[in-house]
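Note that chain A is present in both complexes that follow, paired respectively with chain B and with chain C.
Coming up: the complex of A and B.
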């Protein structure tokens, strides 16, 4: 029981990170109907920026008060990663907006390769470790097994991750449902041509969608650095595929769906590693992707897609 | 940042969009963006040091990168985007005007390349006796990629199904042969058809459930399957030896004759002197013939109803279905045939290396093969050849360029940049010429007379 609760907490934490990345996939898919294959690598970029900024603040400038440091890191990495998201869209997707269907997907794969190798070349291929910054937590339960006592801990780190995710999600839902920008996005989602006829700057709206997705990916990147303490240039690939799975599972195009899917994928992965085998945890995630796409293509909260001729 | 596709000039009634001022302003913006993007990556480097991470500033590299972007964007603005007479216009007019001449040249080029490939090993042994082994080995590598490219071209280029897990079938082929040889003592020639068959079967098994999916979903699921196969190969230690890989894979024989020194070998049987290069020449001809078979089968299939159905499917799936084409079976055949050739190439790879491990079958490999197909022009056979030669051969050649090290310092390793170049080329080609370098097409089906389909028409969605 204690083990189960602990895994549940771990799963929810991991799921929050996946959920934040998944939102980027889902929003882009909703608005231009393409899979932004490079989004996982934008997340990786965000993690690297967060790490570098953290080091600048702590070692070069000598800041010690952790909450302020983290807040600055968060804002800086969101800003800079957004610039990357914007550039990727501008260079690789916008010129192809009337091209055949596979074209943007191919450039997306190209962009993903470019980002990975750019980071590998400029930052080196070795992993970058960061010692745990936030330690301690609350002990929720205490139980005993034959191997001794087992504690259920909710670490402060996990609390921060889950809280940040909840706050960001709430803010985001408001942004989409209440602001003119959100309205423009939903309009573009429904009918891009009509939206542009009604005076919405479609290109700008799409760019902003990428910027927002990248900003959320940067948050996920920072959390990843803090939670795992190790990053390398390749983390974006697996995290990207898993987050995409989350977006599909929740119903692609649906924001609450992405969050729900992220949490589910996080839980499944953690429980799979906890109870079956760690080696095959990626297989579990990939299999879910295939199964969902085959049997439930519109996902849990998505709407079935109707192809019009 | 330096490159961007169709830049719409901001033409106002009073502002002249072509002015130098506008160009400089735009270039400055690009440079600013480059500075922002590069700051944490080019300007800063984190390295592992005793007691944590060490931060190093690289202002020089950062400023140089900004200047390069500024200059590049400025030149592009002045000569392409913001001028009334872009230099590229003459180029494209020249190209489209000479389409038929280009086609003629293509035909000559095709046969020229074929003839060269036919005599290639002897060309190298005669003219480069000192380095023949290295060159023939490179030719074998390129030929393997050509074959893989042609195999994937059936799936991506003809049927329009984006397969990001093609390397899975390559792995299936390689492991089928390696395991058959290890457990059942199969030779290369016996295992080759079986490996192809197994790969095709896997193609059907994996394809059957997923081929209902739309293009981009299909891409992701194939990617997932590719990874699943790799992870299984990595972790099923009892059967595949996991990360240790399988070694001692037998070499192919020439009608039962082994290419070895001494009694009963190939050289002994024909009464010629033994030379280790013979084995390379033999391997080269095996992959050359396998690649030719791939090409021949593809070209013939394009003439058959199934091939036409593939191309129709690529253009419009809904129209196909309303015309009564069984889309699932059509896709499945493309998938299976592509997988089969991947399997053949895989078992050739296993016999050439003599050792395989899951490391050789990562997503990167799929991406390289896809890049070759995309750069060559989706569906173009000769394009794949050119792209494979340029990309694989070009990168290998980079390794040997000593002067680059003199320019960039001794720590400079061009091979590091291989995938970066691949990725950039994929993006640039898609933006600049979405149908690849070779974008004119011989139509597969004709009504009365053959009409060439030019690149500009293709770009509008006409023809193929």
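Coming up: the complex of A and C.
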């Protein structure tokens, strides 16, 4: 029982990170019908910038007050990934809008390779460590087994991750459902031509969608680096595939779907590692992707294609 | 022909292509301030293409479109409409997964938000049906309701020029009458300039001050609504059985 609760907490934490990345996939897919395969690497770059900023702020500049450090790190890495997301859309996708469907997919993979290799060359292929920044936690339960006591721990780090995700999700849902920008995004999703006839600058709206997804990926990147303490240039690929799976599982194009999918993938991965085998934990995500695509292509919360009237 | 000061929209020699296929072959027409002008023509004549070319999607390959003294031919769509042109397009293009209210909010996207409630009350007065359906999704409305919503959405932008593409298509005669009455009221009471495209020639020509006939991407006839209604060619081609 204690073991189960602990895994549940761990799964929700990991799932929060996947969920935040998945939003970027789902929003971009919603608005231009394209899988942005470079999105996982935006998360990776976010993590690297966060790590670099941490080291600069704490060891070079001597900042010690953690909340301020965290805030600066977050802002800088969001700015960077936003700029990157904007640039990629501008350079690699916008010129291809209106050409055949696979074209931007190919440039997306290209952008992903560029970014991975850039980081690999400049940062090296080995993992980069970050000393633990936030330690400690709360003990929720205590149980005993024949091997001794077993503790259910909720670390402060996990609390921060889950809370931040909840706040961001709530804010984001409000943004999309209540603000003029969110309405414009949904309008572009449903009928881009009509949106432009109503005075919406469609290109700008699409750019902003990329920027938002990238900014959330930066948050996820920061959380990842804090949680695991090590990163390398390849984390974007694995996390990207899992977040993409989450988006598909939740129903691609659906915002709550992305979050739900993220949590489910996080839970499945953690329970799989906990009860079956750690070695095959990545296989779980890939298998789910295949199964969902075959049996439930519109996902848990996705809408089947609505016919345009 | 010189641009008169009261000319709101002037289309000069406009040619539009879809790839290599020509859809407009040099169209000339004028819409003056305060007028209702209609263009009638058979299916495939190029009416919708003209409406969309005015809004810059697709852009004219040759010719000029002058609106309110400005050349808008090659402007991006969102800049054209921000100058006061609103379109209720072919097929209505209601956002299906947005509510009636949200569709209307989209129509007001460029308008000062403090005017929203006032404008909303106005369009609800014009189309009371929409008020009853305010929280219903656009995709679940009936055809007539969708058409009302499309017009109301266009009006929410406070246009100087309203473009209506076949508002009567597929609607019951009673609803058509409601919609045409609304257009007449907007024109007479608010001086709104309307450019109306129709296959339903009888009603359109009765409503309009002036009309044009389009055949195969060309304007072949023009005149006042009453004149065109009397023309034998018009009666034969567009009014067979149209007088219900």
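Assume the second predicted complex is superposed on the first by the 305 of 309 C-alpha atoms of A that agree within 3 Å, B and C clash if a C-alpha of one lies under 4 Å from a C-alpha of the other, contacts with A are read in each partner's own complex, and residues count from 1 in each chain.
The rule we apply is simple: a residue touches a chain if its C-beta (ideal position, glycine included) is under 8 Å from a C-beta of that chain, and two chains touch if they have at least 3 such contacts.
All values derive from a computational prediction rather than experimental measurement.
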Partner chain(s) touched by A:180 [first = chain B, second = chain C, both, neither]: second
Touching partner for A:60 - first (chain B), second (chain C), both, neither: first
Contacts of A:92 with chain B and chain C, given as first, second, both or neither: first
First (chain B), second (chain C), both or neither touched by A:112: first
Which superposed partner A:196 touches (first chain B, second chain C, both, neither): second
Residues of chain A that lie at the interface with chain B and also at the interface with chain C: 309
Contacting residues of chain C [partner chain A, same complex]: 55, 57, 76-78, 81-82, 86-87, 89, 91-98, 102, 105-107, 109-110, 139, 146, 153, 157
For the chain A and chain B complex, residues of the former touching the latter: 34-35, 48-49, 51-53, 55-56, 59-60, 80, 83-84, 87, 90-92, 94-96, 99-103, 105-107, 109-114, 116-124, 126, 128-131, 237, 241, 244, 248, 279-280, 282-283, 286-287, 289-290, 293-294, 297, 307, 309
Chain A residues touching chain C - in the complex, by the definition given at the top: 180, 183-184, 186-187, 190-191, 193-202, 303, 306, 308-309
Chain A-touching residues of chain B, taken from the complex the two chains share: 1, 3-6, 33, 36-37, 39-42, 44-48, 52-53, 55, 156, 160, 162, 164, 209-210, 212-213, 215-217, 219-221, 223-225, 227-228, 231-232, 234-235, 318, 363, 367, 370-371, 374, 378, 416-417, 419-420, 422-427, 430-431, 434, 459, 461
